[in-house]
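Residue numbering begins at 1 within each chain, and the chains themselves are lettered A, B, C, D, E and F in the order written.
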Amino acid sequence: MKVLAIGSHPDDIEIGCGGSLIKHRKSGDDVLAIVLTGGGRGGDHIDGSLSATRCLEAHTAGKIMDIEVECWDYQDTEIPETYELVQRIEKLVEAYKPDRVYIPYGQDTHQDHRVTSNVAKSACRKVKQILEYEEPSSYNSFNATYWIDITSHIEQKLEAIKAHTSQGHKQILKIKSIEGLNLYRGYQSHVEYAEGFATFRFLEA
Amino acid sequence: MKVLAIGSHPDDIEIGCGGSLIKHRKSGDDVLAIVLTGGGRGGDHIDGSLSATRCLEAHTAGKIMDIEVECWDYQDTEIPETYELVQRIEKLVEAYKPDRVYIPYGQDTHQDHRVTSNVAKSACRKVKQILEYEEPSSYNSFNATYWIDITSHIEQKLEAIKAHTSQGHKQILKIKSIEGLNLYRGYQSHVEYAEGFATFRFLEA
Amino acid sequence: MKVLAIGSHPDDIEIGCGGSLIKHRKSGDDVLAIVLTGGGRGGDHIDGSLSATRCLEAHTAGKIMDIEVECWDYQDTEIPETYELVQRIEKLVEAYKPDRVYIPYGQDTHQDHRVTSNVAKSACRKVKQILEYEEPSSYNSFNATYWIDITSHIEQKLEAIKAHTSQGHKQILKIKSIEGLNLYRGYQSHVEYAEGFATFRFLEA
Amino acid sequence: MKVLAIGSHPDDIEIGCGGSLIKHRKSGDDVLAIVLTGGGRGGDHIDGSLSATRCLEAHTAGKIMDIEVECWDYQDTEIPETYELVQRIEKLVEAYKPDRVYIPYGQDTHQDHRVTSNVAKSACRKVKQILEYEEPSSYNSFNATYWIDITSHIEQKLEAIKAHTSQGHKQILKIKSIEGLNLYRGYQSHVEYAEGFATFRFLEA
Amino acid sequence: MKVLAIGSHPDDIEIGCGGSLIKHRKSGDDVLAIVLTGGGRGGDHIDGSLSATRCLEAHTAGKIMDIEVECWDYQDTEIPETYELVQRIEKLVEAYKPDRVYIPYGQDTHQDHRVTSNVAKSACRKVKQILEYEEPSSYNSFNATYWIDITSHIEQKLEAIKAHTSQGHKQILKIKSIEGLNLYRGYQSHVEYAEGFATFRFLEA
Amino acid sequence: MKVLAIGSHPDDIEIGCGGSLIKHRKSGDDVLAIVLTGGGRGGDHIDGSLSATRCLEAHTAGKIMDIEVECWDYQDTEIPETYELVQRIEKLVEAYKPDRVYIPYGQDTHQDHRVTSNVAKSACRKVKQILEYEEPSSYNSFNATYWIDITSHIEQKLEAIKAHTSQGHKQILKIKSIEGLNLYRGYQSHVEYAEGFATFRFLEA
């Protein structure tokens, strides 16, 4: 199986579907993660060199998860909803031929997450499986219908999030809260830890 | 894989997920279909002996699909939203241990379909995969997120619907319209014929 | 009655509301169709001259449906969500004074369909009747609440879609699936063939 | 045109669609209103004879609107979601053959309104036009998509609501608020006074 | 401030809004919790004496939270959607005059939770503040719009859940998952621990 | 308490939450209103100097409501969904530190209202209370869950709307309809006049 994950900023993918990606790798699946921006505005701070630092962290996290990570060069907070971006993802999809794509949930407080979700849906219109992952900034209309048991991979997932050391103090609370969410999603689905997804499209061939 | 399908009346299951059930059988899965009523009011007409006739037709259709069919004895149009029914399904689920359950979509003009969907959700709360199938009486809020390619099984599915001969003239239009819907769902998912489902819960273990 | 239909690309209007437009003409209504782009990227292929070809096909289809067609000059896949476009449609609306407008459904995988729907809603804010038509790329949240019986016009509708010969092989499956959808919408509304719409606004004067 | 309106209690119909019913009569349409209970609990008070009084008021209001009113004998606050009631409405529908039915909105704080809406949808599954009317107790998910201009009929509508004199003091505020809502719905639809409806089903034959 | 919490079974209230109730008490508010059934079927097991045991546990939990608890006598899994129950709650509301009511979320896999939510909404139609709390069995359409910071009360909340010792082994996972959810809701709202609610109605007087 | 209100055009804020802002002032709260454009296109007319006139009217209305008003310089109908605007609001929020923000409802026929709502949600992601106000152009999916009693402030609110004299004749109907809506929202919430809001986020600290 070939899996593609698309995120707006470093650490979005780890938070939303990191455990599932690790699980894919353990099962022998190919996994490619695309991060559209270097996250140079870090949500709160703006720093010219931050983008490069965060990309390195994304690669470190990728190593922990044993997945390939590619950082694209869009500007943090300004990901453009354009044909150019749709087409760039489309070309990647045509070359890589993923069976499943993980994308951000489309309703989100953060404009980058909304745009990333929209362009990915346009570009991946022929991909068989599209799952939207959940983030703290997702609107609460997020409706989990697909769960992936990550009980055996939660430690590794949290390690991957911790690799984003530039996020500093904020990360500690974030990590605890993500572990908490995965426990809750686990309980809902009768396992210990799970990640929840909105099923955008799933074709059983 | 063990599969359970639950329907309110004879032919509901064939219409909503017949192609998928045939596909399961072709892949070697076990399939059990439970029909809660004999359909003795046939939607439009009321006839004491109709219920027995329609149950026979359900079994004939079951043979065509190569699946086991069980008719329960609730009254057409009066399926009760009670603990007794929840518990009866629960016991079946505990004994049969299905991996996947197909149930009617919860928002539907027909009261029996609404009740069947509700009690099934209560009774199957520990089943890993629950998919809601679509029927012509479903409210149009039905939101297909899961598609199953039934291109190789459409003929057999239509045969199974035709086995419900007591439904007479009405069936011809119905069969054409269901084939039409499956063509459309197929086109949406880039295959020839497909059945569409709302993903109520899917746990990837 | 004066009717306006707005589409993103050649053949969108035929697919979504072609039967209804033919019906309007048969009843003596005026019908004007606006196609915002020449469809020069055809969804899959990009070809400089394709846009001109497809516009001709749109006019041929228009003749089959006996309606007036106008191709505007926006770029396929890049319809802009701008005041300029809102205002251009607004001026047309002020001059043509339609009683009813058909527009694409607002939630759609294709970015052009989303933008077309949004700008049309802004520009037509004083039109009494706005119906959103359904396309294979519509999100499945599409909720049909308005049906138009097109039983007598289905053949002519399919002919109009066939006029888009540049779409080649893909068209055959598409045509079958649209006929299938119209059969299903017909069955739901107790006629043979119907088109389904989401009622965005309907004022009964 | 033949029109049927169904309400749970005396004055529900006047509030939700009284203006539209008056308009239908002025256009020469037949109008029949069915009130399922006598409203003997009046929302707040319980009084054995109240039901008879309120039925008389419903008939007085009917005279003001020039429509026929029938009071059925279900118990206020206990309208049963049963096949018996579905069938009773179904028989009326088969005999009266309405082209349009007005029913309460299905999501409502009042259990009677929810049940009335559900059974009416089941019983009227072959009626071409079903519009759900809005009441102060409707959940705020009510989504008006269909407006009827009642500018010429607002005075008569308010008179009809006033005929429910047993509702006493409470009525004064209620009448002002309903007039207010109709003004707002009018403004939204570019007329002076309008009633808003959720389009449950509309088939344009 | 006077606060009322309504739950279907022992421990539902602790899970959904226990932290908020403790906080109310610390601020000097009155808090009354009504548990409609003794939970005699415990979800999975059926045992005649279980109901009495669980009621005692509910009172123990109540002491931990410093709130008053009342167990009503409805049958676990068979809470009736009747006027009798609506009226019983209504009388309590008239006597106790709560400013705020906490109720289960209306869309839930468990039939008791659905019914409890519905009857409470009917009975509390004049209460100024109604918040729906979230439970693991809530449908994932649950949309948190109201958060209460319970950082200082999380330990006490977990103690209260632990008081339900008859729930045994299952409780350990449940408690961890609820703590996890409250951490996540906290992170979403920029505090450490929070409970999330759907705002059904909030009137700022 | 510090309150911020954000609107696209002069008079949007008065219409959607004017009564609530007056109430805040009467309770001693600080209130700041930001109007993103001068409304130079007035919805229907375009006039170079209109923008300046309408800004003056906004200040006059501000004096009537006793609140501070600031007009920003974006172009009517062309408010940009950009990082620049998000950041400009963010800076204001960091400096002013509002406890509550009122913003337009996110689903609206007017593109400016949609954009204003989106950018405000991004910029105010750390504000504790965000309420979306309702306008005649809001989509009817608007779901009021939060009501503010403005019975004592309705006269002053209507005076503030009347201050927009450049809107001329149109205003008379608009004012009557807004008063009507507030009466209806009042009736729904058991007071005389109320404004209704969608609760986007409310954190009870």
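Following the convention adopted for this analysis, a residue touches a chain if its C-beta (ideal position, glycine included) is under 8 Å from a C-beta of that chain, and two chains touch if they have at least 3 such contacts.
Computed from a predicted structure; not experimentally measured.
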Sorted by label, the chains bordering both chain C and chain D are B, F
Tell me which chains count as touching both chain A and chain E. B, F
By CA centroid distance, what chain is farthest from chain A? D
Rounded to a multiple of 5 degrees, the Cα superposition angle from chain C to chain E is 180
Comparing D-F with B-E, the one with more C-beta contacts is D-F
Chain F and chain C are one sequence twice: same or different residues at the contact, by the over-half rule? different
With chain centres set to the mean of the C-alpha atoms, which chain is at the far end from chain E? C
Distance from the mean Cα position of chain C to that of chain A, given in whole angstrom: 36
Going by residue number, chain A touches two or more other chains at 145
Viewed as a graph of touching chains, is the assembly arranged as a line, ring, star, complete set, or other? other
Any two chains that touch count here, so list every such pair. A-B, A-C, A-E, A-F, B-C, B-D, B-E, C-D, C-F, D-E, D-F, E-F
Residues of chain B touching chain E in the complex: 81-83, 86-87, 118-119, 121-122, 125
Report the residues of chain D in contact with chain F in the complex, numbered from low to high. 136, 139-145, 173-174, 176-184, 186-188, 192, 196
For the complex, give me every residue of chain B touching chain D. 75, 77-78, 109-111, 114, 137
Contact set on chain D toward chain C in their complex: 126, 128, 145-149, 189-191, 194, 199-205
